[in-house]
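Same chain, two partners: chain A is paired with chain B first, then with chain C.
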Partner chain A sequence: MRLITTIHKVLLTALMGLIGVLLLFPIVITFTNSLMTEQELNINYGEIGKLTAATSTDADTFVNLKWLPDQVSLSQYGELLVHSPNYLLLFWNSVGYVVPIIIGQMVVAALAAYAFAKLNFFSRDSLFLLYLLTMLMPFQVTLVPNYIMADKLGLLNSSGAVILPGVFAAFGVFMLRQFMLHIPYAYIEAAKIDGASHFKIFLTVILPMVKPGLAALVILLFVDYWNMVEQPLIFINDPFKLPLSVFLSRLSGEWGTIFAASMLYMSPMVLLFLYAETFFIEGVQLSGIKG
Partner chain B sequence: MAMELSKDQVDLKRKKWISIMLLLFFGLLLFFTLFSNTLQSVTLPKVRTEEAMSGGIDYKLEASGILRPVKQEELPNPADWKVRQVLVKKGEAVKKGNILVRYDSTSAERDLEDEIAQLQKLTIEQEGVQDQFKLSIVEGDESTTVKVRRQLKLLNIDIAVQQRKINGLREQLTRQRNLVAPFDGLVMELNAVEGLASNGKPDIVISNRNLGFWLEILADKELVDSFGLVLKEPIHLKTITEGEQPARSLEGTIDDIADAESRITDLPESRGGATATIRQKQLRIHVEDATLKGGEQVSVKLERTSSKKGWLIPNEAVHREGEMRFIFKVELQPGALGNVFLARKIPIEVRESSEWMTMIPVDRLYEGDLIIMESSEPLQDGNRIRLQ
Partner chain C sequence: MKKWFFLCAPRGWARWLRRDTAVAWMFLAPSVVGFAVFYLIPFAMGVMYSFMSSSSGGRIADLSNYRELLSSYSFRKAAYNTFYFSVVSVPLMLALSLGLALLLNRQIYFRKWLRTSYVLPLVVPVASVIIIWQMIFDWNGALNYVFSWFGIDRLDWMKTNAARNVVIAVYLWKNVGYNVILFLAGLQQIPKDYYETAQLEGAGRLRQFFGITLVYLTTTTFFVVIMSIINSFKVFRETYLLAGDYPHDSIYMLQHYMNNMFVSLDIQKLTAAAVLMVCGILTVVLGMFGLERRYRQFME
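Right, the complex of A and B next:
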């Protein structure tokens, strides 16, 4: 019996390890390639590489994925930081989209979730369901009405066209509501007896209790909007207003710079996750939602 | 409890580190975003630019030289006599028949006088013989008469010979006593020195003024061809000011156009010291002017603007790569972090060119385009540059 458990454990570890490796693979490749020189990358992925591959084998174009650089070089980072300020500008564009969306959605979602979870008003649940439908619908479905609305409001080609739908997205409301449902009503009643208003109850009683939920929400929203491609692609025409995610997704330009930019682009997300890791795990566990 | 506390502390420490890293990360990115342009511009190649001009190309043929007489004559000392007096100076204008040099003819005059004396002697002798002849006729001495007549005839011949000799000497004397200008001209050289006989050189070299002067200049064949110069074409010349003499303009005609030796020059667009052979032509311009003396410095200046119009690029901005020629122009790329200047390579076809300028077709550039004249580093298409 014990042997079976051990074998089970080993197999599970091996499977998890394999999945882990598969998941980490792109990140590792990005990291190691960002340390290669432009010439090396050209040989691996560029036309020269394709040509040599075509002449050496039967013209089968396998991509030559290289793990380790022949010579570790930080030139790509130098190129990115000093010679390609446009990448950095796009990075700040991304920040400019993500920060207002996160702050806005936190405010809106926390207030709305409180209302949906703890207040009693007419057709509360059906209204919530209706709101939730927008989350259930794929982005492509709401794309056209969103576009028309942004056009009518004169928001096309401005950051508002991306930020406003983000602020009022239903996901945060849903998540925080789930979180708040777990808070016993007795806390609110106690506060009411002490003469606290709804806003005071929200600020001093509810908010501190949903802290892990808020942290989880921040990370989930950050991941979601930091990586968005479709919204800016559709609403923004000006290439100088696009976030870096759109630019990286086009994969045009110098390979090395793109690898280095990807690494830089990944960093805030990793750091943020590490920072709020405990909150995040707690929050996700409590709300029962996975991102 | 203590364990939980330490776990919290570890967590707090970790968070502190991560927040420092986050701040550093964003701080670094902010720094590079704001200053990368400045950092980069320090390392960019510096270029000097000029605005492209449009128009026709100006051809300029500038040359100068010394006017030389078409014909000049050397006048030697006719009888190798000593020079008594020199009547002209170098560079002086003389008319035909003017006396240039007088020679010391004393010995010749003495010879002449001797010969005259000899003639007188013969004449006196002739008178004596004539008296004898008259006496023999009166006396009727036939044989004496015949003898005296023969003697008289011989004397007459002697006198005639002597007379001719004297005439010859006289003529020689008048001819050789003075050196006379054979035509209107200018004294180009004066070697005669008073008191001395000839030193082997001609006493005077005189130029013929009526035949005019020649100016010989060398010019690039291409340039000469571009002016379409033909024989007998009138050309304006100008004397070069010397001291207080004002510059004068002269009229000349092209007398001869001939191929001349090619010259070798460094290519302006190559830095490796490549050379090119440039074919040349020699122009001979004929000038007739009464006031000229010969030896004046004159300059020729021909200017012509080509009929074709295009962008004019200074030759130093034109680069060469094999047969292809190209220029670099400045391209402005607007950016949110400031405008970026790029060097853009433009292949050109040379329509016409002069020593300084190259004309390229109109469609190659726009009004106000800046042409890169020189750069601190070799440029390539699309390089970022820093304007001087």
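Right, the complex of A and C next:
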């Protein structure tokens, strides 16, 4: 009986592991291919995009997607970092967009979430519904008026046009409210009896209790805005102000540089995630429990 | 102070509520101001534009923009594609992530590692893996290579109706992990003794699944559906980076349409399309809320 359960367990693990490998496949391939030399990449991927050969069905025209490089080399990274200073500049641009958005949205959203979760005020629920609705909307819905608004505020072609809407997005409010709803009202009541003001309660009682929520929010916002493509494309004309995401999607030709750039671009996200994974998962799970 | 006493409601709680209101607005102020400037007012302006005929400052409010929009072939195509994508991909996502969560919740080795590998795609930036998708789905790509082993003819994935499946696959790849951890949390909340009792009373596995698991996952499922809908609109990024402004007909989404209207400065059509899309989303979400409420009442 025990043997059977063990076998069962092993088989199930193997199946799930296979799915996991499948999911990780694109990430691993990017990593290993970033260590190949340019020549090797050209031999392997030279066939990409050659559609003119559509009539021929020769077996050898396929791409040769390879797990492991024949020769490990860091030359692509060297090439990227030393010979194209553009790349680092754009990387910093990305940082310059994402960090203010995350910090700003955390502060603004935490304050608002406290009001939505723990205070009674007129029209609270209808206001919250409005927040929820904008959260569901794709960016394109308010494209024109947003553009006009940015123009009127003199934000066009400056990073503010991208950062400010990010700071005031509804997602953080939604997420943190979800967390604060879990906090029993008794804590606030007790602090009140001790004579604490709402602001003090917020700082010393509520904020420490929603730490996993804040961690989850940081990662989710990072994911979302590190990725952003549409907003900078619309609001920023100056190519030297664009974030790396837009630049990467326009790169073509040199395979090695693309792989190395992709790798460097995803590594901060992946490292942050692995570092804060437990927090993140706890955060996401708590947010889903009370719908 | 005495003069205003009658304004304060007779009972204590009402006065308390009133004090709360002032405090609440102080907490809300930064958020509400920014929210109004960058979201609410732009949206209201958009609705207004959608009713104004032709850009030359005409103030005549009518439905001509909508009529024009609805008769436009590319809009109908985009709307159909967006609708189709959500209708197919969201249930698929639900089934897949629930299935994986159920399996992960069983006796298994390396559970934490597996979970990590499922969630990792979520944090990988779109632009970083676009190149891999190109390699897989190209005419000469890896997928066609695998197909050739089995003697299946090549498919031009990005330039036929198969592009739809590519987008669905990319969407599932990216978001499945997020939903799996949501479902895992839901599953861990169900008390184990429910299953024991059910087993004692002779309920089969299937009956347990429908009678206990699914019932207790209702709120989680609701949340997953909402998040999946939001994320299904975000796939536009992948589509855009993979196939550009004018992808194959089958994956031409409403967002493509709106982007292109923006480029060609057709503000009327853009805002009208946006309003219609919002109405669509609103209907779905309100429907979901209603369904959930009814379901809850039914359960109690």
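What we mean here is this: the second predicted complex is superposed on the first by the 253 of 291 C-alpha atoms of A that agree within 3 Å, B and C clash if a C-alpha of one lies under 4 Å from a C-alpha of the other, contacts with A are read in each partner's own complex, and residues count from 1 in each chain.
In this section, a residue touches a chain if its C-beta (ideal position, glycine included) is under 8 Å from a C-beta of that chain, and two chains touch if they have at least 3 such contacts.
Note that the structure is a prediction, hence the values are computed from the model and not measured.
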Next item on the list: Quick one: on chain A, after the overlay, do chain B and chain C clash, or do they fit? Just give me the call.
Entry: fit
Next item on the list: Classify the contacts of A:Leu133 with the two partner chains as first (chain B alone), second (chain C alone), both, or neither.
Entry: second
Note to self: Once chain A of both complexes is superposed, is A:Met263 in touch with chain B (first), chain C (second), both, or neither?
What the structure shows: second
Checklist line | Angle at chain A between chain B and chain C, C-alpha centres, nearest 10 degrees | finding: 130
Note to self: On the A-aligned overlay, A:Val82 touches which partner chain: chain B = first, chain C = second, or both, or neither?
What the structure shows: first
Margin query: As a test of reading the superposition: which chain, chain B or chain C, is in touch with more residues of chain A?
Written below: C
Notebook entry, point to check: For A:Trp92, is the partner it touches chain B (first), chain C (second), both, or none of the two (neither)?
Noted result: first
Check: Just how close are chain B and chain C at their nearest CA atoms in the overlay, in Å?
Finding: 15
Margin query: Need the overlap of the two footprints on chain A, from chain B and from chain C, as residue ranges.
Written below: 272, 274
Notebook entry, point to check: Which residues of chain A touch chain C in their complex?
Noted result: 5, 8-10, 12-13, 15-17, 19-21, 23-24, 26-27, 29-30, 45, 47-51, 53-54, 57, 59, 61-63, 65, 107-109, 111-112, 114-116, 119-122, 124, 127, 130-149, 153, 164-165, 167-170, 173, 198, 202, 219, 222-223, 226-227, 229-230, 234, 244-246, 248-249, 258-259, 262-263, 265-266, 269-270, 272-274, 277, 281, 284-291
Item checked: In the complex with chain B, residue positions of chain A that touch it -> 81-86, 88-89, 91-92, 240, 264, 267-268, 271-272, 274-275, 278
Next item on the list: Please name which positions on chain C make contact with chain A in the complex.
Entry: 17, 20-21, 23-25, 27-28, 30-32, 34-35, 37-43, 45-46, 49, 100, 103-104, 106-110, 113-136, 138-142, 144-145, 148, 154, 156, 173, 176-178, 181-182, 184-186, 189, 219-220, 222-224, 226, 229-230, 233-234, 236-237, 240-241, 254-255, 258-259, 262, 267, 270-271, 274, 277-278, 281-282, 285, 292
Next item on the list: Mind listing the chain B positions that touch chain A in their complex?
Entry: 11, 14-15, 18-19, 21-22, 25-26, 28-30, 32-33, 36-37, 39-40, 335-337, 384
